[in-house]
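Shared between the two complexes below is subunit A, which pairs with subunit B and subunit C, respectively.
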Partner chain A sequence: MHPKRNGGPSVQTPEIFWGVILWMTVWGVLGSVLLRRRYFSRDLDTSNVNFAGAMAGAALGPIGVAVLWARTPKLSGRITTFLGLTAVVLIAAAFSFADPENNCVANGAFRASQFTNGLIIGIIYGFMALGLTLIFSILGVVSFAHGEFYMIGGMLVYYITVVWFPGVNPLLGVMGACCLAFCIGALFERAMLTPMYTGKIDRPVEYGILATFGLAFTLQYFVQALHGASPVKVQRYIDFPRWEFPAGAESPLIETRRGNLTLFDTVSISNPRFIAAVTCILVLLALLYLLHRTWTGKALRAVSQDREAAAIAGIDPNRMNMLAFALGGMIAALAGALLVQAFSWLPQVGAIPAMRSFVIVVLGGLGSLPGAFIGGILVGLVEAAGTGCIPDAQKAASYIPAYGMIVLTLTLLLRPTGLFGRRFASGAHGQGG
Partner chain B sequence: MKTSTLRRHLMLSAAAFALGAGAANAQDCPIKIGGLAPLSAPGTVVGGEAMRDAMMIAEADINAAGGVLGCDIEVVIADTEGLPERAIAVMERLITQDGVVAVGGGYHSSVGVASKDVADARGIPVVFAETWNDTITGDKQKHIFRIAPLSSWTSNVNWQFALTLPGIEKVVILTENTDYGIPASQETAKGLESGGVASTIFSVDIGTQDYAGIVERIKAEDPDMIITLVTGEAAFNFTQQAADAGIGPMDLPFQTGQDALESGTYWTNVPDGQYAFVQRIGVPESQFTEKGRAFAAVYKEKTGKSDVESYAMEAYDSIAVLAQAINEAGTTDGSSIVTALENISHEGTLGRIYFDYGLKRDPSEDGKGDEWWHQWPDPAITIIQFQEEGQASSEAAIVYPEAYKTAEPIWVNQ
Partner chain C sequence: MARIPHIAGLLLIAFFLAFPLVYTGANYDYVMHVLITGFFYAILASSWSMLAGYAGQFSFGHMAFMGIGAYGTALFCHYFYITEAPTGICTEFGFFGNWLVIKNAIGVTSTTLTQDCLQQAIDGWGDTVRVWRMPVLLGIILGTLAGGLAGLLVGLLVLRLRAAYLALFTLGFSEIIKAIISAEIDITRGQAGLVLPPLYGEGLNLFGLQFGQTDKIPPYYTMFALLLACLAILTWLSRSRFGLFVRALREDADAAAALGVNTTRYKVIVFTITTAMAAAAGAVQAHYVQIVTPNMLFLLQMSLVVAMAVIGGVENFVAAALGAIFLQIMLELLRTSFSIGGIEVDMTVWRLVFFGVLLMLVLRFARNGLLAPLIDRFARIGVAEETIAKRKARQEAQS
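For the complex of A and B:
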């Protein structure tokens, strides 16, 4: 399982890889332009044709474009997903031929580890972005304080479990952090965002953005003034028991040690990441239950779809605004509360995750909860692939933030509403009711 | 005609006097000295706060000792955020709005590289405290001095120490992609190569939090040693995540970032950081000068820390050496301060500070490179090792070089 080539600076035969990329790009552009014209001339739905045409051209070249041109099928999610995945496979195959000794090609354990890392961090990214998209879908405001909620989540766990009540169960610390973040979100929404709903503000969206910017700076510098800039961390919440499955096997399928989980004797996942990812999934399920099975959740969804109709049905949209902002902040705080056992924490820690959340929300589609989660996983996987596969070690890790931006740019070019976005997601900006 | 000419002369003289008086007033008490420190992200805030505290102690000590030219001094702290563009702006502000007569401090090399041109163009002397990039003094600018070591010197110590590792064949260097990290990593790699040791450099953005993918790549490299040239909490994150993945300081020889010198914070953030090596500028606390010991006592009391970091001592000295230079110059004029600095002999917390080369003598006269210009030649560079869990950096073993060695290094995984 040792790599065949270590840290080499470039692809072995770049002409193969870049040749395929050029071919895919040319046919992708042609497919997008030609099929849009074709669907438009036949008065068919063109909302998805740019993306489907580009993927058909990129994945199958002239054949794909010709088939869609001739048959002009309804461009369902299944077709576009198939074409998109085929394009990804083609890129991977070209890379394998061009650089056969790259770790991503030659080293199966490495590949599995990078995939798992990408998936785990992607779940956490997606979870954090979920809060941002929830706020947007109800209030129509992009909260620029999202990173600071993430930061105070971690800081509160540290203070609760280490400073204020040393030795207290970490679960109480996490719950306490969530409750406090929820309260801060609710109070802020009531105190600062209500003028948006009353019509007193000419530009409610801009007002909301500036108000959340203000909250972000206030929280960050308030914490820095109180705490200082020394990074902190909490001990991992749970130690795994020493366990193997099957027991006594030379290469167990699952093996746990205090700080690690090893799968198939190859993929190692650190305890804090695993706990964070599993908790995110459980809370996501709880959130879905709340949104789809309870009156409150249905009311939230109703407000996100049509505020006036929801108000007529007896739902108080303003109360839903408060609930959405508080819930969104609490979700970010929970992500922070789970990761403070994995990363060093300081008042500025929220900046990069917040930026990444904005990327994910736009990528997944503004206001779309599944879009945010899947967008997060996608960004996590793309980052892991970029970090692991780019041959030049000096560049592979330097460009981590850029990988998500590349995906975002392509998505915006080909599908401006994002992967799961609604065309008019929350245009009401919290008004009404 | 004569009367009007005389009147004109009188008026001109009065105007000239008024201008002179105005200038004198601008230099009136308190005399302002700028202090650069990163106090916001993405800069290394923990380092910036240490430097700020040290510079404030310097201000208090100097004023308690009678001040400068009969005036108190005021250290005007400026937050560089570790960003070059911000550094240019704050240097401009310090000079044009705050009216500083000299500037000390400075943590990030990129800040030094960007801001030195502004200060030099405006004739304001700067003594950089902790900016290592060789070009800062290598550009041979009249007003720029440095008491931090050169990047090439610290890199030399890194690779020379690595070559003492028995059976070493491959080193992974993790660096931040800054004016400090990039040249330091390249010089370290070059030095290792001269000793027949292969190396791979991974560079990351300053402030990187998640190293999972990078750690996997480093594992795939199967290195015999890891050298970390990353500042701030990013180094803590990397070291602990490497430890979680089985390639940390307890698994293979591992040199972590310099911020581990604040050992309380280090152990909080890197609980599995035992046996890590750390580069330290300056002699161990047991060999501190009298001034160094006095400063350490005040600093620990003020900050509640268990150790005094080398960059805090450098920050203190940068202000103190400027204060002495202003006193010796007898004026706040930039050129006069430069002359005084070139001839100074200052007993600082780090030792005796002086500058061999500059306008009075070019480094080339002694066959030295340009980087020796206005460069303090004597900063001690040591490698320490946390040989016990929870150990304070001031009590950690000095394992390199021989001149300062207090214990043999513990090589793990041998």
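For the complex of A and C:
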């Protein structure tokens, strides 16, 4: 499954790299199995030990496993994080030894630019995943229509600004797309998901999965039937002014051209992505304000924590369900509406972002809002590293979904609750905590 | 009266058995093709409904396992040959006096090589050395095993977790399988696809009748037999103690675990069996259409299987299979585009919208599907009267 291939065009001594990977895997597996057994036999909490053991084995080999074994009951998050980072550094070092002429080893500017762009796109991914995790934390349903909301967001912006009202301000287009997506989400929730809450259905989780899957299928082919299969693209919304800081310098720290932003004369960020990331951060702040400072937001969080208690306190959980589903769909649509200026758009465009959001919410912990955001940035960085470092560029691009899947597989193997998930890991099912 | 479903089932089987022999209408090959594809989807839908309806495990990767089966047999038949003499240029091993030759992967865009090593060797030999393909049946079996093995590994990874994780992971898994097949052009030939030998290479001679390679009757009966075999296995599974365990863990996994059912193990077993069925269907279908491409793994196919199972009745695999055949026929009937008032309605896409809406409506208002309640209804005819009669008899005996 691993995308790298032995004897690729430019890898010189792949044996080093694969040797290190093999060594780390063997000790990681041993560490996780041994430590889990030890913790289990001593009746200790085993929820973190898999991950810690694997990281200790991977990072420091037998020494790490032995140290953790010796100081058994003491396991702190800091040690685990440190070990995990060491393991990542080790992989990077092995890669740079194995392939010293690779662009992402030899070229510092390329590395910086990959990192920045990974971070920027990661923010957008994280924002989109936030919608999914919001829906999950309140309804207990993983929305399989998330990618389709993303798709209609972009499509609506195209139709509003290009087809229906040519020349209209793109901001209005984005807002219109968000409103429509919000309405579709609310309508769908009212029409399809309400039977889940009343206990009429034996297995609400499965029903939710099927219902949202049906919505995804319908939406995708509805758009394809109306629009056809031709790709569309929208002009970028805002041009940067021509600006330099400090002005007139030989190599300015920040330099903007209409479609581009250059940092330190090396890192180039394209305008649409930058605008999208900034908007995402702004909307995220607004969302945090909504969740923590307004009555509605507090009610939402209350419902996600304890449904019955919230109902006793006078909050109508049904309305919160509708609001959460509509908001989640709107967030995905907004992500799509912002990215339609960067990528070309098709009715099938939602599949990969949806999958990426699934990876992110599992990595961050199902139902955890900060987890989704941090998970998004991590996945953005992993994808940037993958596309930048794999020797065969064409293959590196076709394997974009695979990087996320590797992350997902590792998460499920080592720490199924994700980075921040505890309460929701076993699945709150829409009713009860 | 309660026997009506059984009688209807037998009649239906007899109908499908006799159909290709008595059908004399137009488009014979096309009608047969629609039915063969219908049987193919019926296998997928019924095994998926065993997984989703009986065990409560929602997998969106059923098509990926089907693809593993199809590509398993395709790669096997494409790369492995047996020859009488060593080629000297391929990877080869001695094999009971002959040679097992593994062709080199040249892909479709190779500029240095226009022929694989076996073809070069054959050109050198002329007609002096015999070359055999691998038997199709062996390929199908290997594809099935590969699909089952992949199912086992995925199941071991994900099935210890709750339902949502399986759905999430399998959706990603099918994307990955598609990405690998599309990207590894050297081996899988990417979008160009791999060409497979037909199910019955030299045609078939049965009961004095000669069937050619393109005749539809042999693949029709093969696929139908596979469908019946799968349904038989599923019926046997669901009636056994094993089926009861599986249903128990669907209703309440915690309670089942508390009663001593090793829930993860049973889920993994069900998952492996159903994925192997999907792989078998894929392998046979691949030999029937004689080409495999990554397009068979589009999410659309998975959505169709889900729609078929749900519309038929997700908790009853016979209903799911019937739903699949029914929907496949409907899909073909709705293919013709038409125009209303000058607006061209492209039915190839609108029919999918129609099925999406139908799927949601069925989910919302008829949760057991459209066919399953019908079967249940007939199965229950007379049960109530029987129970009342029994109770009366008991009361009379007591008084």
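Going forward, the second predicted complex is superposed on the first by the 410 of 433 C-alpha atoms of A that agree within 3 Å, B and C clash if a C-alpha of one lies under 4 Å from a C-alpha of the other, contacts with A are read in each partner's own complex, and residues count from 1 in each chain.
Everything below uses one rule, namely that a residue touches a chain if its C-beta (ideal position, glycine included) is under 8 Å from a C-beta of that chain, and two chains touch if they have at least 3 such contacts.
Everything numeric here is computed off the predicted structure, so don't read it as measured data.
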Clash or fit, subunit B versus subunit C on superposed subunit A: clash
Touching partner for A:K233 - first (subunit B), second (subunit C), both, neither: first
Partner chain(s) touched by A:L413 [first = subunit B, second = subunit C, both, neither]: second
First, second, both or neither for A:V349, with subunit B first and subunit C second: first
Partner chain(s) touched by A:T25 [first = subunit B, second = subunit C, both, neither]: neither
Subunit B versus subunit C as contact partner of A:P401, first or second or both or neither: both
Contacts of A:Q305 with subunit B and subunit C, given as first, second, both or neither: neither
Contacts of A:F144 with subunit B and subunit C, given as first, second, both or neither: second
Subunit B collision site on subunit C, chosen from 24-32, 42-50, 60-68 or 114-122, when both complexes are overlaid on chain A: 24-32
Set intersection of subunit A contacts, subunit C complex versus subunit B complex: 3, 224, 351-352, 395, 398, 400-401
Subunit C residues within the subunit A interface of the complex: 52, 56, 58, 60, 157-158, 160-165, 167-169, 171-173, 175-176, 179-180, 182-183, 250-251, 299, 303, 306-307, 310, 314, 346, 349-350, 352-353, 355-357, 359-360, 363-364, 367
Complex contact set, residues of subunit A against subunit B: 2-3, 6-7, 103, 107, 110, 113-114, 117-118, 120-121, 224, 228-233, 235, 259-260, 268, 270-271, 273, 342-344, 346-349, 351-352, 383-384, 387-388, 393-398, 400-401
Subunit A contact footprint on subunit B (complex, rising order): 39-42, 45-46, 48-49, 170, 177, 200-205, 207-210, 212-214, 216-217, 220-222, 232-233, 236-237, 240-241, 244-246, 262, 265, 268-269, 271
Touch list for subunit A against partner subunit C, complex: 1, 3, 136, 142, 144, 191-192, 195, 201-203, 205-207, 209-211, 213-219, 221-222, 224-225, 351-352, 355, 358-359, 362, 366, 395, 398-402, 404-405, 408-409, 412-413, 416, 426-427
